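Next come two complexes, and both contain subunit A; in the first it sits with subunit B, in the second with subunit C.
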Partner chain A sequence: MKILYYEIRKNFLRKSIFAALAALMFLNGLFAYFQYRQTGSGFSDEMTRHIASEGEWDYRQKLHKEFDGAVTEEKVRRLTEDYKKYYALIKQGDYSTEYDPDTNTGYIYGDFSLLRSQFYEPVKYLVYYQGENDLLVHRAKENISFFKELGNDFEASKNAYIVKKYSGRNPLLFYDTLGWRKLFEYDYSDVMVFIIMFLCITPCFYAERKSGMEHIILTAKRGKRGYTYMKYLSFYCSAVFLVVLFALYNYAVMDYLYGLSGADMKLFSLEEFRYTPLDLSVSEFYILLTALKCIALCGIVTLFGVIAKVFSNVITIFLVMFAFVTAGLYGAGFICAINPASRFMALVSPFSLLNGAQLYKGLSGADIAGHFVPWLYWYLFAQVLIQAGIQFLLWIYGRRCPQGRGV
Partner chain B sequence: MKLELIDISKKYGDFYALKDMNVTLENGVYGLLGANGAGKTTLLNILIGVLKQSSGRILLDGKDVKKMDVAYLDKIGYLPQYPKFYPNFQIGEFLDYMCCLKGIAAKKRKERISDVIEQVNLTEHRKKKIGELSGGMRQRLGIAQAILNDPEILVLDEPTAGLDPGERIRFRNIISRLSKNRMVLIATHIVPDVECIANEILILHNGLLVKKGNVEELCGAVGNTVWEVTASDKQAEELKDRYLLANMKREGNKISMRIISEEKPSEAAEAVKPQLEDVFLSVFRK
Partner chain C sequence: MLAKESYKVFIKQKGIFFIAALLLLKIFFVVHTGYDSHFMIDENEAYYQDYIHKYGGKITAQKIKEIEAEYDSIYHEGTGTLAESRKEEAFQVIYHQYLYEKEKGGGSILDTRGWQSILEHDDLDFFLIISIIIISCMLFCAEYESEMDALLLSSREGKYHAAKTKILIGTASGAVLSLLFQMVHIFYLYAAVGLKQGGCMLCSLEMFEGTRYDISLSNAALLVVFMRVFGGIFLAAAAMLLAVLLKKKSFGIIISFISVLIPELLFSEESYGYYIPFPLGLLRACGYLWPNLYESAITEHGFEKVCVFHHIPQPAFSGCLAVFIAMCLAACFLCFMLFSKAYYRFGGIRKNICLALIIAFAVFTMSGCKAAQKITEPVKFQINDAERWQDECPFEGGVISICDEDNTIIYTDENGEETDLIRNVFPLAFPIHNIYVNGRDCYYLMENDSDTGICIRKIDMDDFSDTLVYNSTEENTEDFYGLKTKRIDEESIIDNGQETKWFFVCGKYIYLKKKYYIMQINIENGAQKTVAENVSDGEASYENGTLFYLDENGEQGVYEEE
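On to the complex of A and B.
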C-alpha cells in the first residue's frame, strides 16, 4: 500500500498539481455562477434569486414554506383554490403591470404566473403521475400477453421490465427541482478533472524515464512486478478522488446558488425523468451519477496512461491525448442514438458514462436473444470489456518484454 | 559469488551493440571502460535485467538469472547515469520509497535508511529535498538507494560524470569502502576514476570485450610502447601527425609529449611506464 501512496505522491501530491486544482476549482465555481446568472426568468419554473425581484422571491419563499414536503389533499386543495382565484382574475383580462399593493409580486399576473409555473403545474404533475403511471403499467401488462401471442419475446420482455420497474410509483414529495436539475446537467467539472489528470499522467512515465528512475524501479524486487500496475492504480485512486471532490464541491455550489431541498424526493418527481426506470431519490441518483463518472474516468485514465507510456515525447503525448479526448467526446455524443454505427461509437467511448443522466431519462435497451437489456448495462459491459482487454494486453506485454513492466 | 556471462550478444538489426561477451566476475571492483557507444550501458542493462540479450546466458553461482527472476534482483543494486530521482521528495522519503520497492520489511526500514545515509555522509541533509542537492550529493544518494538492500552486486553507470574533483574523490572512497564482500561494476569512460579503485578492468570496444585484467597486467601488456619526448614546435607537429599522442604540455620553448608507439618516435624519446590511460588509448587507436 505504501508503494501506492508513493505513486500518488509522485504524480499527484505536488505543489503544481495543488495549485492547478485550486485554480480549476475556482474556475469551476465561476462557471457555475455564470450559468446561475443566465438561468431562468420570472415566468418560467426556473426562477433564481438573481433574476427575481424582492417581491417575487419573498412570495416564492412563502409558497415553498407552505407547500414543500409531502403532497397532501389539503395542500392540493389550497393550491387549486389560489390558482383558480388568480385564473379567474386573469381570465377577465387583467394583464395590468401597474403596481398593485394587494398582490405579492406587485401585480396580479406576476402572482398568477409564479404560482402556476412553480407550484400549480409541478404539483399537478406529481398528483397525476401515479394515475398515469398505473395506466402505463396496466398497458404494459396487457402488452406482455399480446406480444407473447405474437411470439415477440423482446417486446414481451421489455413490457415485463416496465411492469417490474414502474409498478406502484407515487411521488409524494414536492420541492423545488431547479437545483437538482442544474446539478445533474452540470458537466464543466468533468473538463477540470480531465485537465488535472492530463497534467498528472502526461509526464509520469516520461519523467521517470528521463530521471533514470525507471531502471532503478525495474531493478527492484517489487518494482519489476508492480511498476505499471501501481501507476495505474494511483491513476484510478486519484481519478476517483477528483470526481468525488468535484461532486461534493458542485453539490455545495449548487446548494448555495439554487438551494437543494428535498434530497429524499424521487427522481421521477423531476418531469424530465418521468419515464426513468430508476426508483431512486434525487440524492441517491446523484451518487449513482458520481459512481458512473468514476468508472468513466478510470477508463479514460487507463488510456491516458497507455498513451503516456507508449510515446516518449511530451508533445506527441499531448497531441495523441487531445485527439483521444476529442474522438471520445464525439463518440459519447451519440449516447442516445438509434443508428447502430453511432451507438457503437458511444459504446466504445469511455466518455459516454459521463453522460449517465441521459441514459436514465427514459427507457431504452437492446434485444439480446429476445431479452430486453437496458443500454446502461451495455455501456458498463463495454467499458469493463475494454478495460479488461487493455489490462490483459498489458499483462501479456509485461510477460513478454524482458523488463516485465507492461505498457 | 561468481557471475558468469556466457556468449552474451545484443543485436539491433545487423548491428551488434555487444558481441560474444564471455567473462566471469567475482567479488571486487570492476572497471568497465569504453568510449561512448562501446556497449557499456548495453551490458549493464542486460546485467540488471532491463534489457534482454539476443543470445547467451548469465549465471549467478551456476544458476540462470532468468530462472532466478526477482531473487536475482534482490542481489542487485543499481545506479544509472545522471540520476535525478524525484526533486520534490526529501532524501528520507525517497529512501523509504526505495525500501518499499526493494521489499525491505517495514520494521527494518528506519534503521536501514539511517545506516546507508550515514555511509554516504548525507545524515545532516536527510530532510532536504532532492531538488536542492548538489550533483555530488545526488550521486551519493544514488549509492545510498543502491545499497539499501545490501546487494551482492553493485552496478554503477558513469557514477562520477559531472562531479567536481573533490566529490569524485569522496565518491571513489565510498565505493572502495563498499566493495568489501561484494562485486562492484563501474562503467565509465573516465579512466582515473577506476584506475585506483578497480581490481580488474574490462575494456569494451565496438561491442567487444577487447581487454581484461588488473591495471598492472594491462599496463604490462602494453610493454615499451609509451614514450616521453621533449621537442621543438616543428618537431612536435611532425610527431603529432605520425604517432598517437597521449599528452602534450608546453614547457617554455619546448613541448613535452607523451607518445604511444611500437617504435621509438625519436632519438631523444625515453620509454616510460605505461598508465591505464595509455592502454585505453592504444585500444581505441586500433
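On to the complex of A and C.
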C-alpha cells in the first residue's frame, strides 16, 4: 500500500493544493454567508437573525423555547389559543397599525404573522400529518387488492411498497427546519470539490509524461499496471476525504448561521419531504446524502482520470473536463423526470447522485418483471455498471497497447 | 517578434483551433437561444410587421390620429372573426408601446426585439471567457513548462521585448475575441429580427423607463460592446498575470476561470458584481445602463414590489471605469516585471514598490469597492361546440369525468356508482385539464399555468395501469449553481395560460388544439407540426386519417394525415 501513499502524497499532499483548499473553504463559507444574507428577503416567510428585528427575534426565540420538542396536546392548545386570539383581531380589521410597545414584535400584525408562519402552520402540518398519511396508506391497501384482482402485478407491488414504507408515521417533534432545509439544498461545496479534483488530477498523468517519468515507471513490474490502479484509488480516497470534509464544514457553517436543532426530527417533518419514502431522522438523512455524494464523486473522478490519461494537452483536458461537467450536470437535472429518454440521461450521468435530496422528495420507481424498484437502486446500479465498464475497457486497453504503456 | 509569438500561440500550440471550436459552440448557442420576443408577436408576425411598417418611427399628430382610428375600428366596429382577433392581438402590442412611448418613452414606435436581446441581458459569455483565458495562459505558461523562460531571459531581446510582445498579443486577443464573439450575436439578431431605428432613445425600451442615460439605442449597444471589449482586455491582463505567477497552464486556467466564476455565482442577480474591481462587471456590461429593477407580487399585504437591481450611479460608473483601467495597466505592468524579472534591475525601494503593488492588487481584488403506443381500436374523434372542454366522456353506459376538486378522474356507471380511475396515492404534479376516451383507453392531459408543456397519460381500463404517453413539461431542474436563472414574467404567465381546447391520440400522433391552431405531435420523437391555422372553436372530427375542422370564416377545412 506504500504506492497508494506515494500517489496521494505526489498528487494531493502538496502546498499548492492545501493553499487552494484553504482558499476554496473560505469561499465556500462566503457563499453560505451570502445565501444566509439573502434568506427571507423578497416575499419569503423565512426568518433569520439577519433580517429579523430585535423584537421579532426575541419573540421567535421565546416561542421556540416554549414549543420546541415533542408536540403535546397542551402545547397545541396554547398555540391555537394564541393564534385564535390574534386571528380574531386581524379578521375584525380594527387593530392598530402603529407601533405598540405592549406587543412582542412592536406591531400586532407582526406578532400574528410570526406566530402563524413560524409556529402555527408548521405545528398544524405535524398534527395533521398522521391522519393524512394514514389515509394514504389506507388507499394503498385498497389498491393492493384492487390491482391484484385485475392482475396488475406492478401496481400491486408498488402499493405494497407504499404500505411497508409509509405505515405508522407520526412526526410529533417540532423544531425550526430552516437550517436543515438550507443544509440539504446547499451545493456550492460540490463546485469546490470539482475544482480541487481538477487541480489534482489534471497533472497526474500529464506531468509524468512530460518529465519522462512514465518510461521509468513502466519498466518496473509493479509500475505497469498496479501503479495506474493505485492512481485511481488515490483519486477515490481524496474524493471521499474532500466530500466528508466539506460535509462537516457545511454542517458547522449552517449550524452557526441558522442553528441546526432537532437532529432526531424525522425527515418528513420538513414539508417538502412530506412524501419521502425514507423513515430517517434529518441527521441520518444528511449522512445518507454525504454517502451518495461520495459514490457520485468516485464516478466523476474516474472519468476525470480517463480524460487526463487520454489527452496530452492541458488545455484540451480543461476543455473536455469543462464540457463533461456541463453535460453531466445537465443530465443530472433530469433526476426526477418522467420521460424515459430524460431518465436515461440522468441514469448515465455520474452527477445525478449529487442531487440525492431531490430524489427523496417523493416516491418514484420503475417496473422490473412486475416488481416495483425505487429509482435510487437504478441509479446505483447504473453507476456501478458504468464504472465497471470503464475499468474493464482500461484493462483491455492496457493489455493490448503495443507499447505496453499499462492502463 | 510579433509574428513569431503569434505563430507560436495560435498555430504551434493550436490556439486557433480552440478558438474556432469555442466560436462554433457560441454560434450554435446563439441560434439555439434565439431572441427576446412576445407570444402575441410570434403568433401574429405578419400583422405585427404591417403595423410596424405603418406606424413605425416618431409618433406624429398624423400617426396618433391613425392609431386612434385603428383602435376604434378594432374595438368598436369589429365583427369578431378569427382574422380580426389576430389582428387585434398584434395591435395590442403596438398600442401598448404607443401608450408607453407617448407618456414615458422616447416617442417612437419600433420593433424592439433585437435591442432588447442586446441590452436587457447581462449573462456572461463563458465561451469568450474560456478562449481569452486559454490564449493568455498559453502565452506565458508554455515558456515556463518547457523551461524556455531561462533561455529567453538570457538575451536582451528575449528578456524585455518578448514580454512586451506577449502582453500586446494577449491584450489584443482579448479585445479581438470579445469583439468577434459579440459580433456573432449581433449579426444573428440583425439577420433574425433586424436592428432598425437605432436612433430612438434608450428609454424607448420599457425596461429602461427612468434611465439616467439620454442616449440612443445604437449608442447604448455600442457602449455595451466597447465595455465588453475592455472587459476582454482586462480579463486577458488578469489571466496573464495569474499565468506568470502560477507558471502552470492547469493552475493558470482554472484559477483565472474561478476568479470570474466565483463573483458571478455570488452576485449573479445583484448590482454588487458591477462594483468589484475585476473583469466581471465589464464582461456583463449592460447593468451599468440599467435603472432600478423591481419584482412585484400580490401578497397577503396587497401589492408589493421589491427592488432586485439597484442602478449604478454615473459617478460610481466613472469611478469603476477609472479603477478598472488602473488595474488593467497595473496587471500588465506586473506581468511584464514578473516575467522579465525586471525587478532585479530596480532593487531596493523599487523592489518594495513592486511588492506593495502586488499586495495592493490582491487586497483590492479580494475586498472590492462595495460590498410506446398500441392502438387496438380505430380512432374516431368528434367534438362539437358544446362539449369542447373535454371534461366528460361516455363509457360503457356510464360517464368518465374530471373531478376538479380532487384532481382526479371518476367513472360513474349507470347505477351512479363511482370509481376512481387514478389510483396513485400521491397528488398529481399538474391539474387534469382534458380527457379523451378511445375504446378501453382513457387518456388525460395535464397542464398548468407555470409551464408551457403538457403531459398526457393513459389509463388502461382493463388493469388500470397508468402509463406516460407524452410529456413536454420542463423536467430539467439543474440551475448550474445559480448561473442559469429562470425569471417568469407576466408575459410568460399569459403565454402559458393558453389552454388546450381539445386533444386526441391516434396511432403515433397526438392532435391538439390550442388557441387558433391544431398541432400534430409525434409521440415517438416529440416532433411538433402545426397542421391547421386559423381554426375556430367550432366542430372538429377525425376519421380514417382525415381531420375536419372549421376555419376562421366558418368554412370546413381538411387535413389528410400522411
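Couple of notes before you dig in:
Here is the rule we go by: the second predicted complex is superposed on the first by the 392 of 407 C-alpha atoms of A that agree within 3 Å, B and C clash if a C-alpha of one lies under 4 Å from a C-alpha of the other, contacts with A are read in each partner's own complex, and residues count from 1 in each chain.
By our rule, contacts are C-beta pairs under 8 Å (C-beta built on N, C-alpha and C of every residue); 3 or more make two chains touch, one makes a residue touch a chain.
Just so it is clear, the structure is predicted and the values come from calculations on it, not from any experiment.
Clash-free side-by-side placement of subunit B and subunit C is the outcome of superposition onto subunit A.
In the superposition on chain A, contact of A:K210 is made with both subunit B and subunit C.
In the superposition on chain A, contact of A:I3 is made with subunit B only, not with subunit C. In the superposition on chain A, A:R14 contacts subunit B only, with no contact to subunit C. In the superposed model, the angle subtended at the C-alpha centre of subunit A by the C-alpha centres of subunit B and subunit C comes to 90 degrees, rounded to the nearest 10. Touching more residues of subunit A than its counterpart among subunit B and subunit C is C.
Contacts of A:I195 after superposition on the shared chain: subunit C is touched, whereas subunit B is not. Contact with subunit C, but none with subunit B, is seen for A:A332 once the two complexes are overlaid on the shared chain. Of the two partner chains, subunit B is the only one touched by A:A220; subunit C is not. With both structures placed on the common chain, the touch criterion links A:V127 to neither subunit B nor subunit C. In the superposition on chain A, A:V76 contacts neither subunit B nor subunit C.
With chain A used as the common frame, the shortest Cα distance separating subunit B from subunit C works out to 12 Å. Across the superposed pair, subunit B and subunit C both touch subunit A at residues 210.
Interface residues of subunit C, counted against subunit A in their complex, comprise 13-14, 18, 21, 130, 134, 137-138, 145, 248-251, 253-254, 258, 261-262, 265-266, 295, 297, 299, 304, 306, 423, 425-426, 455, 462-466, 468, 471, 475-478, 480-481. Here subunit B touches subunit A in the complex through residues 45, 48-52, 70, 73-74, 76, 78-86, 88-89, 93, 96-98, 100-103, 106, 145, 149, going by the rule given at the top. If you check the complex, the residues on subunit A that touch subunit B are 2-3, 6, 9-10, 14-15, 210-213, 215-225, 401-403. Across the complex, subunit C is touched by residues 16, 27, 30-31, 34, 41-43, 136, 139-140, 143, 146-147, 150-152, 154-155, 159, 162, 187-188, 190-191, 195, 198-199, 202-203, 206, 210, 275, 313-315, 317-319, 322, 326, 329-330, 332-340, 342, 355, 358, 362-363 of subunit A.
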